[in-house]
Amino acid sequence: MIIVIKKEHEQKQLDNLVKWVKAQGVEIDTSIGSNSTVLGLIGDTSKIDIDLLRSLDIVEDVKRIQEPYKCANRKFHPDDTIVDVSGHKFGGNHFQIIAGPCSVESEKQIIYVAEKVKAAGATVLRGGAFKPRTSPYSFQGLRENGLKLLLKAKEETGMPIVTEIMSVRHIDLFKDVDIIQVGARDMQNFELLKEVGKLNKPVLLKRGLANTVEEWLMSAEYIMSEGCKDIILCERGIRTFEPYTRNTLDLSAIPLLKELTHLPVIVDPSHASGIARLVHPLSLAAVGAGAHGLMIEVHNDPPHALCDGAQSIRPEQFEDLVKNIDVMLPIVGKERDKS
Amino acid sequence: MIIVIKKEHEQKQLDNLVKWVKAQGVEIDTSIGSNSTVLGLIGDTSKIDIDLLRSLDIVEDVKRIQEPYKCANRKFHPDDTIVDVSGHKFGGNHFQIIAGPCSVESEKQIIYVAEKVKAAGATVLRGGAFKPRTSPYSFQGLRENGLKLLLKAKEETGMPIVTEIMSVRHIDLFKDVDIIQVGARDMQNFELLKEVGKLNKPVLLKRGLANTVEEWLMSAEYIMSEGCKDIILCERGIRTFEPYTRNTLDLSAIPLLKELTHLPVIVDPSHASGIARLVHPLSLAAVGAGAHGLMIEVHNDPPHALCDGAQSIRPEQFEDLVKNIDVMLPIVGKERDKS
Amino acid sequence: MIIVIKKEHEQKQLDNLVKWVKAQGVEIDTSIGSNSTVLGLIGDTSKIDIDLLRSLDIVEDVKRIQEPYKCANRKFHPDDTIVDVSGHKFGGNHFQIIAGPCSVESEKQIIYVAEKVKAAGATVLRGGAFKPRTSPYSFQGLRENGLKLLLKAKEETGMPIVTEIMSVRHIDLFKDVDIIQVGARDMQNFELLKEVGKLNKPVLLKRGLANTVEEWLMSAEYIMSEGCKDIILCERGIRTFEPYTRNTLDLSAIPLLKELTHLPVIVDPSHASGIARLVHPLSLAAVGAGAHGLMIEVHNDPPHALCDGAQSIRPEQFEDLVKNIDVMLPIVGKERDKS
Amino acid sequence: MIIVIKKEHEQKQLDNLVKWVKAQGVEIDTSIGSNSTVLGLIGDTSKIDIDLLRSLDIVEDVKRIQEPYKCANRKFHPDDTIVDVSGHKFGGNHFQIIAGPCSVESEKQIIYVAEKVKAAGATVLRGGAFKPRTSPYSFQGLRENGLKLLLKAKEETGMPIVTEIMSVRHIDLFKDVDIIQVGARDMQNFELLKEVGKLNKPVLLKRGLANTVEEWLMSAEYIMSEGCKDIILCERGIRTFEPYTRNTLDLSAIPLLKELTHLPVIVDPSHASGIARLVHPLSLAAVGAGAHGLMIEVHNDPPHALCDGAQSIRPEQFEDLVKNIDVMLPIVGKERDKS
């Protein structure tokens, strides 16, 4: 960490600062230039509050040299973490496809979709039971009931399941869920992160709508600091000024994350754009960018249904997509896990 | 609500859509142009899922005509809501100043600051007990203990208190808190909003770091739909590409909100910029923009303390600020409430 | 276009508005609901000033139904535009690779790189002569001289060239340039767009750092409205709050643009992230997203040079990349043009 | 400037880098920690290309300690610059109001508005002759003719004028314009900045829609490095995700700029929001934030005109605003210049 001191400062203030910093167990290397004095902090600075320093009268700027995350940092854990979900491996050269409907709607629907996506190559079943909705007047998911139907589908098909938790109050309901999803809006729900970190279960952590890669890794750090090692990061689009797509999928984050962290990272192309027609090209793009997997919404398609062209793609479109992915995977050195 | 239908569509799909929309209890006015067919939906469309419609194959676009919020909508409640907190009124031509330290640190500290800010003109005491921190390694607040100290300060000074809730698990601890604060990161923690809405207490709802004004009002709607009427909105800066300031204070939102909603809206200039020197000018700016009040961090200032120039301003700076605010208030037709 | 009229309005104001709108040659379909009156404008609304309407006292909101661009709109030109550059075709199922150094530095350098990238599969040579730099103290490019060296390389290798124009004053210098590049910072330099549109040459139009897809197409429209038909759009990243990468590459824009416009669209992965290590994965991602080509910075690599790991990739890395692209292209139904 | 070197690096690469940096006339202070080696560059680093350094294989990160701007930097010019426009002073404790119509439409209109705003307290007349418009089909301003009418109004009223330049081709037409405005879209039109900097005239430099404060000051630096000393900065809103307002006025930038630079900074509240009703509160907010002046659109208001409630405010509203500003100015230590 580098602390730039203002040109005009009282020596006493500087002495106080130096004393305080040293009391945090960090050494200081001072360098005096013509326009500013620079303190270089050497040692473990992860516990030093950068905002506090920045707010001091005599401080002009503070710059971090080391990343503030440790458990999630590839520097300290050079090998890829492999998250094992009932034998399906996330990370390294494994490629996994999670698929399923946006919301669990009925037993018939979830089992129908589960069988379809399993046959086409998905290894983990997704399905929303608790649904975060902008409006209190929108459908909030089948909640407890949705969870039960999802577990039924797990039993029927043998697929492990992933579904979103929205409150610490619901934790007991998730004991048979294989991967606990923390949604974008809860990425910085720190109390939830801490409790989820204690469950000894894989966690799928989505990136917040307006969160930096560093903040995302700090949220992974929250979970990991409670003992959980099995985190799957999931990029799902960030908020920008562009109105055509609901969010802007940040695929640069994929190769970047692979440098910064040892955790697997997958992509959700369905939520990012909010446009079903974009799921196919964005899935291929995610594979090209080096993702360890995809999480795709696939919808049942009974004739005469309203939502025939919904944000979710149909099972036969999903099948086509998986075939294209299979051709691409060798280029990026990955192999798709077969169920 | 306006649904624009694609030029090329099957009549059967359109008929299905029209049938489904009518089943939602809404009437349809169809208008056929050379390049598109437009359906105008007349009636209460607040329960219609705009994302679902947008995702249909035959739909080119969907545009809302009416705001999706009702309880918070000025159209349906033309008069200003006045939130009464132990006799201190938020809204209308009242102007309130909330002040206190960033974090509660000790009994001595919180009582010292409370007395100072009360003497200078603050009517409500703020102080963080549960602190949302990006890093799990940063100080997380005194938590339960912090709450107790805050209640002690309330007892000593007679000031009502406002503090942030971070988990539904802590709700019981908040029964003597006068205003429950929902922080920026929890603005879309919908399960928390619902539970807070049932407490029959005033709620201070901060705007999320990357949330639109409409989403903010929808979160107010979540709380209001559970029966709570007393919501104070608090603008605290949004995330942009500008790195000099931590966030960009969106003061245009103030006059805008006064048109869209009847709820009072205040400004937190301390968190927005993260720079103590900006608190004074941004406070005056907020008054000029028409805010119903301010929420300001004021720090104790014992000699030799490290944080003498911290993000919080000192009591004597706060006093100066209040004097300037008093000169400005008549211009904007407001009167400061005296404690 | 839909004009939503405020609930409270004077009939006379509405009559004035209706009269004015009709005078623009557009028909009106009025629909009166309980909370608002909605005017539906039928006909060519591309010349109607939406900001003007929005600013009227009686208008609550204005929503566009039709895109404001015509020449660039796929609705009116369903077939893909194929831009022919000395026999190399951009658009449709053609895939082109533009490559070359960031800046032209010397005759030896530009010819060396040109030969290398041509041998590896590039069909068009890029190279900056006029360089837009944030700082007046940074190297501004070799300017006129750089252009001459680029033309020399064209002569030596037979490759057509693309380079950026920064001022209308330089137009005469560009008469032998094959594709004129309009950079991100000039995307809304409207006077430049107009003059470039008159040159009867292909134009490569980069997306502005903070411009929407619609504004980008409107800038293409500026050029096209002067008679130019041959525009190649180039996505190069947009500005977001994420600091790790210089810009966020918006690959969702690729499949979206292919719906909205008939113009070819390519991707520049070098500028987007500013990190050389990300060029390979982001290039493959761009191919997966359906881009019609790539524009890649390739650096000469003399031993002992300072910039051995610069933002540009080295010729041998470029070769590897092209091989991977070749495996992917059949999946996306494209064929790489051979020089 | 601080260069963080990767843990794993070849000594030879580091030696090359050190040699190169020293050749730029800068000294190096090396500090070796357990996870990284840090080079501290001491001396004038304004000419060192930070992007180039960042792209080197052995470099992990580069952080600037000193601002890259010099002429515009308050550190090197502690006293406020006072820009004198025909006796009207911008900067220091002076407060100026620029007002006039969005576009010059006719001789009658511009003179009418000029007289009105002068009577109410404006000291400089604004009016668009060359208009940057997103669409080529929108009104592009009266151009040369508009300039002539503006000069006519100057003659009639004695008010100095400010108007936007859009192309280096038009420079000769601006010889009698008192302040040359460089618009938001041209903030990084570097060739234009250079030519405008040579004119020996005050320049009003608007902030780009998505430009940082640092980039803005670097653009001022471009103009100043050509000899121009008289620059007035003008904040006019930045682009964010919020759709209600056209742009988000960044008032935090005002007190920040007053620390970073000695140049005067004013605010344009009319363009920022695009909503006439917000001009009054945002103007007062700008005064509170410490702006040195305002630039306000004021519209003529003939009966029966279409645009009776346009984005511009009416002369009588402008009069009211000036009265309120006058009450506020003593609080912020400023005095309004009287014409």
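Order of writing sets the labels: A, B, C and D. Residues in every chain begin at 1.
In the analysis below, contacts are C-beta pairs under 8 Å (C-beta built on N, C-alpha and C of every residue); 3 or more make two chains touch, one makes a residue touch a chain.
What you are looking at is a predicted structure, and each value in this text was computed from that prediction instead of being measured.
Enquirer: Smallest number of touch links from subunit A to reach subunit D?
Expert: Steps on the shortest route: 1.
Enquirer: Sort out for me whether B-D or B-C is joined by the greater number of C-beta contact pairs.
Expert: Between the chain pairs B-C and B-D, B-D carries more contacts.
Enquirer: Mind checking the centre-to-centre distance between subunit A and subunit B? Centres are C-alpha means, answer in whole Å.
Expert: Once rounded, the distance between the two centres reads 27 Å.
Enquirer: So how far apart, in whole Å, are subunit B and subunit C when each is placed at the average of its C-alpha atoms?
Expert: 39
Enquirer: Can you work out the whole-Å distance between the CA centroids of subunit B and subunit D?
Expert: About 31 Å separates the centre of subunit B from that of subunit D.
Enquirer: Counting only residues that touch at least 2 other chains, which ones in subunit D make the list?
Expert: 210, 239-241, 243, 275 - these are the residues of subunit D that touch more than one other chain.
Enquirer: Subunit C touches which residues of subunit D in the complex?
Expert: 13, 16-17, 20, 46-47, 49, 51-52, 54-58, 68, 130, 132-139, 166-169, 185-186, 188-192, 194, 209-210, 215, 218, 221-222, 225, 239, 274-276, 304, 306-311
Enquirer: Please name which positions on subunit B make contact with subunit C in the complex.
Expert: Answer in residue numbers: 2, 4, 7, 29, 31, 33, 35-36, 38, 40, 42-43, 61, 63, 65-66, 75, 210, 239-241, 243.
Enquirer: Can you list the residues on subunit A that touch subunit C in the complex?
Expert: Residues in contact with subunit C: 210, 212-214, 237-238, 240-245, 248-256, 259, 272-273, 275, 277-278, 281-290, 324, 327-328, 330-332.
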